[in-house]
Amino acid sequence: MVENTGISDIVKDENLVYQKTKVLTDKVMHYCPGCGHGTAHRLIAEVIEEMDIQAGTIGVTPVGCAVLMYNYLDIDMQEAAHGRAPAVATAIKRLMPDKYVFTYQGDGDLAAIGTAETIHACNRGENIAVFFINNGIYGMTGGQMAPTTLSGMKSSTSPYGRDVQMMGNPLKMTELVAQLPGTWYVTRQAVHTPASVRKAKKAIRQAFENQKLKKGLSLVEIVSNCNSGWKMSPVEANKWMVENMFPFYPPGDIKLEGKMVGKE
Amino acid sequence: MVENTGISDIVKDENLVYQKTKVLTDKVMHYCPGCGHGTAHRLIAEVIEEMDIQAGTIGVTPVGCAVLMYNYLDIDMQEAAHGRAPAVATAIKRLMPDKYVFTYQGDGDLAAIGTAETIHACNRGENIAVFFINNGIYGMTGGQMAPTTLSGMKSSTSPYGRDVQMMGNPLKMTELVAQLPGTWYVTRQAVHTPASVRKAKKAIRQAFENQKLKKGLSLVEIVSNCNSGWKMSPVEANKWMVENMFPFYPPGDIKLEGKMVGKE
Amino acid sequence: MAKSKGSIIVDKERCKGCEICVLACPTGVISLAREVNSKGYHFAYMENPEACTGCTNCAVVCPDGVITVYRKKVNA
Amino acid sequence: MAKSKGSIIVDKERCKGCEICVLACPTGVISLAREVNSKGYHFAYMENPEACTGCTNCAVVCPDGVITVYRKKVNA
Amino acid sequence: MKELKLMKGNEAIAEAAIRAGADAYFGYPITPQSEILEYLMAEKPHERTGMVVLQAESEIAAINMVYGGAACGRKVITSSSSPGISLKQEGLSYIAGSELPCVVVNVVRGGPGLGTIQPAQSDYFQAVKGGGHGDYRLIVLAPQSVQEMADFVDLGFELAFKYRNPLMILTDGALGQMMEKVWLQEQKPRMKTFPEWATTGKTPDRERNIITSLDLDSAEQEKFNMKIQEKYRKMEAEEVRFETTDTEDAEYLLVAYGTSARICQKSVRLARDKGIKAGLLRPVTLFPFPKKILSELAGKVRGILTVEMSTGQMVEDVRLAVEGKVQVEHYGRMGGIIPSPEDIVDALGKNFLK
Amino acid sequence: MKELKLMKGNEAIAEAAIRAGADAYFGYPITPQSEILEYLMAEKPHERTGMVVLQAESEIAAINMVYGGAACGRKVITSSSSPGISLKQEGLSYIAGSELPCVVVNVVRGGPGLGTIQPAQSDYFQAVKGGGHGDYRLIVLAPQSVQEMADFVDLGFELAFKYRNPLMILTDGALGQMMEKVWLQEQKPRMKTFPEWATTGKTPDRERNIITSLDLDSAEQEKFNMKIQEKYRKMEAEEVRFETTDTEDAEYLLVAYGTSARICQKSVRLARDKGIKAGLLRPVTLFPFPKKILSELAGKVRGILTVEMSTGQMVEDVRLAVEGKVQVEHYGRMGGIIPSPEDIVDALGKNFLK
Amino acid sequence: MTEEIIIAGFGGQGVLSMGKILAYSGIMQDQEVSWMPSYGPEMRGGTANVTVILSDEPISSPIINRFDTAIILNQQSMDKFEGSVKAGGLLLYDGNGITRHPERKDIRVYRVDAAEEAAKMESARIFNMIVLGGFLKVKPLVKIENVRKGIAESLPERHHGLIPLNEKAVLRGMEIVKQVFEPETK
Amino acid sequence: MTEEIIIAGFGGQGVLSMGKILAYSGIMQDQEVSWMPSYGPEMRGGTANVTVILSDEPISSPIINRFDTAIILNQQSMDKFEGSVKAGGLLLYDGNGITRHPERKDIRVYRVDAAEEAAKMESARIFNMIVLGGFLKVKPLVKIENVRKGIAESLPERHHGLIPLNEKAVLRGMEIVKQVFEPETK
């Protein structure tokens, strides 16, 4: 496996500064090259390792590209019906309040079919973490329009671009749930650059740590590319994301410790 | 029928200043004495009469105490499944864009089971009117807790008062949908006094008029008593409503012509 | 000065005796009857008919829409 | 002044050639290979190994977590 | 020590759930079963046993909460009535497909659609053939008294866990709303250890547990389908429950479950008073269905009449069991109307004695 | 003039809907049927015919949009695949209970639960017995080719409107995904007048129209139940559709629908090549089910084998029709696996010729 | 012995709890009992009724259309249930608000003016116990000590102070009930 | 005549559209055709395959496990489908990226180095047409004029300018295809 030893005396156990966490299994992820799902999975796994809560964590996977997340994280997981992960996680947390419980959901899952479950878990203030991967599209089923698809953006069910008049507005679910008293921490992140990855990881960690406080739900949105759905190369897709998604879905904290961050 | 003629020369056709609109049928409404549903129905009927749009209006009734509204309004109506009235109305309006289409929904219907349909019809900006009767309880099924039940408020499923920690927060659905770009007019009204009734009627009229603009959805919340569910006399119930519901659900306009009213 | 005098008609069989109109009347015209109608409700009636100005307040708040209002200008 | 020298190991069979790491490396260490792995992907490799500082940027952005990073302090 | 109470069927289910050591109830109000949630809320089971009771935002949320709780190896129960049960069909299919145990109560009302809120038995097909997608079965228990409403909760959990399968208590508005006396069992402690497949947190001593119904590989999915079919065959071999009344010498057999069965008991007596040798077979498990006894009885009687508060659903299972050996007819009432014992005797007469 | 195309079954349904003059499609993506919505969106039917096409927020929203549109007397269609169809069960029961016409397409995949995305026929019970609550029936058409995928849309609307009843096209992932040649009918104009029961706005010349499935009065609800049962009996009398292959002299009868029926056609030939006199009955309408012909054929053959991509569902209807006259066995594959013609001949042999 | 009873009136008259006490009293003397309310959208002022069956043997159908006894507390219930009393059966009613008195000639008719009496006793809440007393006078199905136990069982603990008042009401009902019609015995 | 073909490779190699053109060509000469893709979560870089059947009679099963011809365009597909060619059948493959060459001794094996050729022709998009040409050389199932029609029908109008290039690629494939194994005829 060692292909590029470079300077062979650097590659030594004592010099190791980064390697795949043990909380990720060895299974090759089925995601398209450059898809943000992989990075998001890894960050969650790293946080679980760092907090040493592998035995203390139950994850809930969505229906979406991340449906098979349970193949990659070495923790107990449940696969929820499309959109219902927050309801599933509610039950887990209520029955095992000392566990760390998270859902991992796409934008179709969380903001279309699962709208009611999302809003109500947030509103009840369930002490769980919700990781919300917003790639503006239904990745798994072949790139259909999602609630978060931008105005004018093409998808397989908006082949001429999203016509807001006909198809409705893109939905900022994250801003919406931040309005609810049951959410404690709401933030929007990305994973396309080293800096953004490091910030996103902090946010994920925060969402786990918050569960100890029992003050409500933490939601971390991760704006991500679906290069397949967008029909671009991964690198192009990340660029497009920065130029088009970020203006509408700006990364940054929205609600901290139960309070909205600097209202506009 | 004429019981209290008072001064018999007053009671003459030419002196008639108020009588039940023809758009209401003669059927006695099944509501409990003093229930706001009756008043709300009447106002809608009066607006339809005044706008002369009996043939131009299709209404959608909910599952809730108002399920039988179709017995009282002399217009074409559809009875939707619990919570799905906004989806039903979406189809009607899209197929008959020149008709006036409204839904009439309780708080359980609109803000619990129907959350997704409510949010998405609002977000798509369907050109319909939604009349939302918020009585803080599930009236029809016998007074269970609704999403809008106040903190500490008793109901048959919160017999010791709503415990927010356990049962979640009361949900301000109206404020929430006002955040969505698809809503054009969002207001909260009541029908417990002559003045409030007159204002509520104006709001209802506005919601109908707005449909001509094709600028989005109008939602009129009417805070109302469910004296049966609250286990009070109608008069007590209205008093309790003013003292307890209004502080949390303050009457007033929330969004006018697509813009939030005076942000706090 | 022209004043208004009014009168209301309550459809007593349809009245549910909720008392909302009683509260709404600015001039204290309405009370609930001692008797009940066939549904068992103490129905509303004009206890002080002379006081009625025909302002329609009672009718607009009546949940069951059972009040009809008449008004006439009279010279005071 | 103490400087860092680094080296990365790419698990070439698991690399999907997405090029994200290439963009993320501040010192231009990484390129995609001309050859493909058994999955048909042009995998990443250290084209300029001397330039690697072991900053881990490449590894933290790699969606497939296939990069291992080593770093050693060296005297400049 | 058992305790004697006068209770509604709905209340009996709720109290029985607490006493069975249930870990959680998730539900949404709907007539005629809202008393289950109401009773639980009034009883503060979080204080009595630590049981979690939560009013969900919808039936769909409730059934998916059941999924989440059951996947933790917990005893979880939900209840609803016909329209609400329809909404749970996707969730039920997921629960069956993930092999999770749970108890689901359907207090049936008249349908289709919003229908009436009066008692009916028109959700038999949905319960027994699988209202959700894919090949799966629920174990279905049909109580006929408030006592059984209580008893079947504990039995339900036992069977559900034994087979890792969702179980339905199929009852109706009459049994839910009526009060009868009921002997309640003693409080069982809640479970302290959980099945080894449950998602309770991956400890170093075991592989991680995954609860899913997905298998993208058709061959694997087929294997799974065959595995659960095995389970259903085992239920058919071992779990069939039924009751017979006066079948030894019966010339005409009534077949009925739940409320209808109860009424038929009286019909049997009325018929015998008139000299008609009637008997009754009451399936207690609707799946697995008592095929064998039916097939046996079919060889002995001159006619079979099924009595259902529906247009005729169980009658198909009776016909399938009887395989043409004897004429099978159906008598039903709909829309919330409960047949009287006399009506049933008349129907017997009209079908077989004219 | 008809037009020849090479199309996926899903695309054929979409194009056929436009050409049938459908007024609206409401749906939510799910494999293996997302091409229906995608094709429609690409075709801009709002420009071609004025047809409304809307991607709903969920299957539940979609079926309730269908309700709203159908109640306006419009031709409305929706489609989904197994889990999504489960979510539509409440809505379907409402549509049936309100006597509304519409077409619902189920492109079945392997279940239960999330299952596989490969073709299956395991939603037969759900489609035919009523997956929703209450006594109601869907008319169910089972196409076996891309041509029929197209043809049955128009036929579906015709029958749905004739009976004021929801109709399901029960197909599978294989037929949805495969391309074949298809002759498309000419564009039909959209309706200009609407049924008199529709909510099109109460004009002074008529009473108001109310679309509801509620009747709080049990006696009235029972009358309604009897009325729709009448309708179902009429369908059974008049709308049964089936096809036979080589049944005249058949000693062994295969019974299969849809994809399985198509494969069985080859099996019949293979069997005859081996000297086994096989024939095929293919039900085209699954409800109403071709009972009569089956009962007739049952008297003539030595054995019946049903072939389904399921663990055996239609086999029950076959047994009910046959009433024990002849042995009925089932051969099935599951989880997305399609049986081969040879497998079926083997199964015939194993069951009847050993 | 099986006695099938319908109790019908307005919601709020204590119809359901009267039935419940009757049922509990039956249990206290080891009978089989069933109590089946009409149910529906709870709407104040609507009608309420309950079918109570007391029997020495298991009860088959809890919902029946013909009754041994009808206890009728308003006009609507009179209109609805007068006809469903079995020939030879009993109809007991409170005359308050009754505009059309019972007309059947094949049943025994009794009247107990419980509303009036309750007003005199200054407690509207014991109205239903007065009616119950009237009924038990005519048909002494359950022993008075069992009624006492029934009241105790069916009242929440915190209302046990009211037991004596309730008992008094039952006894009062027994005093004031009066027969208004007796069919000719053929 | 019935020919059952599997075409398998990476997503993006034009596997599906090659199958579609083949199917359309069949239609153009009045054959029955079916085209059945493997489908699933669309994931870039995953494998893609399609079963195409051309026949003079109605096609029963569109999904089959054994094929007259396998056209194989990467190693994974080689591993998966080499075994499913019927004895005496045909396996055609592109050698690019193939690490384990076909080993069956009971089938005819042909090779068409289309990737290399497409690179030479400076158009990666016609890769699949070169393969098609190779196949049609070995099995001339459809006439070349029908292939032309098939290309025209299956390409969107706006790409019709590319028809000549596609045709050229088909012809080129016919030239460069070469047999690498012929089983002994018994």
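By letter and in written order, the chains are A, B, C, D, E, F, G and H; residue numbering begins at 1 in each of them.
Please note the rule applied: contacts are C-beta pairs under 8 Å (C-beta built on N, C-alpha and C of every residue); 3 or more make two chains touch, one makes a residue touch a chain.
Here the structure is a predicted model, which is why all the values come from computation and not from measurement.
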item: Graph distance between chain C and chain F, where chains that touch are linked; value: 2
item: Count of contact steps on the shortest path from chain D to chain F; value: 2
item: Interchain centroid distance [CA atoms averaged], chain C/chain G, Å; value: 38
item: Inter-centroid spacing, chain G versus chain F (mean Cα positions, whole Å); value: 55
item: Residue numbers of chain H (touch at least two other chains); value: 40-41, 45
item: Touching two or more other chains - residue numbers and ranges from chain C; value: 16, 41
item: Touching two or more other chains - residues of chain A; value: 31-33, 67, 79, 81, 112-113, 115-116, 119-120, 140-142, 147, 167
item: Chain C to chain B touching residues, read off their complex; value: 5-14, 16-20, 22-24, 41, 45-46, 49-50, 52, 54-57, 59-72
item: Residue ranges of chain F in contact with chain H within the complex; value: 4, 6, 31-32, 117, 119, 173-174, 177-181, 259, 262-266, 338, 340-341
item: Contact set on chain F toward chain B in their complex; value: 23-24, 26, 52, 54, 56-58, 60-62, 64-69, 71-72, 74, 76, 90-91, 94, 98, 199-204, 208-214
item: List of chain H residues in touch with chain D within their complex; value: 10, 45, 74-76, 97, 99
item: Sites on chain E touched by chain B in the complex; value: 28-31, 34, 37-38, 41-42, 44, 46, 54-55, 57-59, 83, 113-114
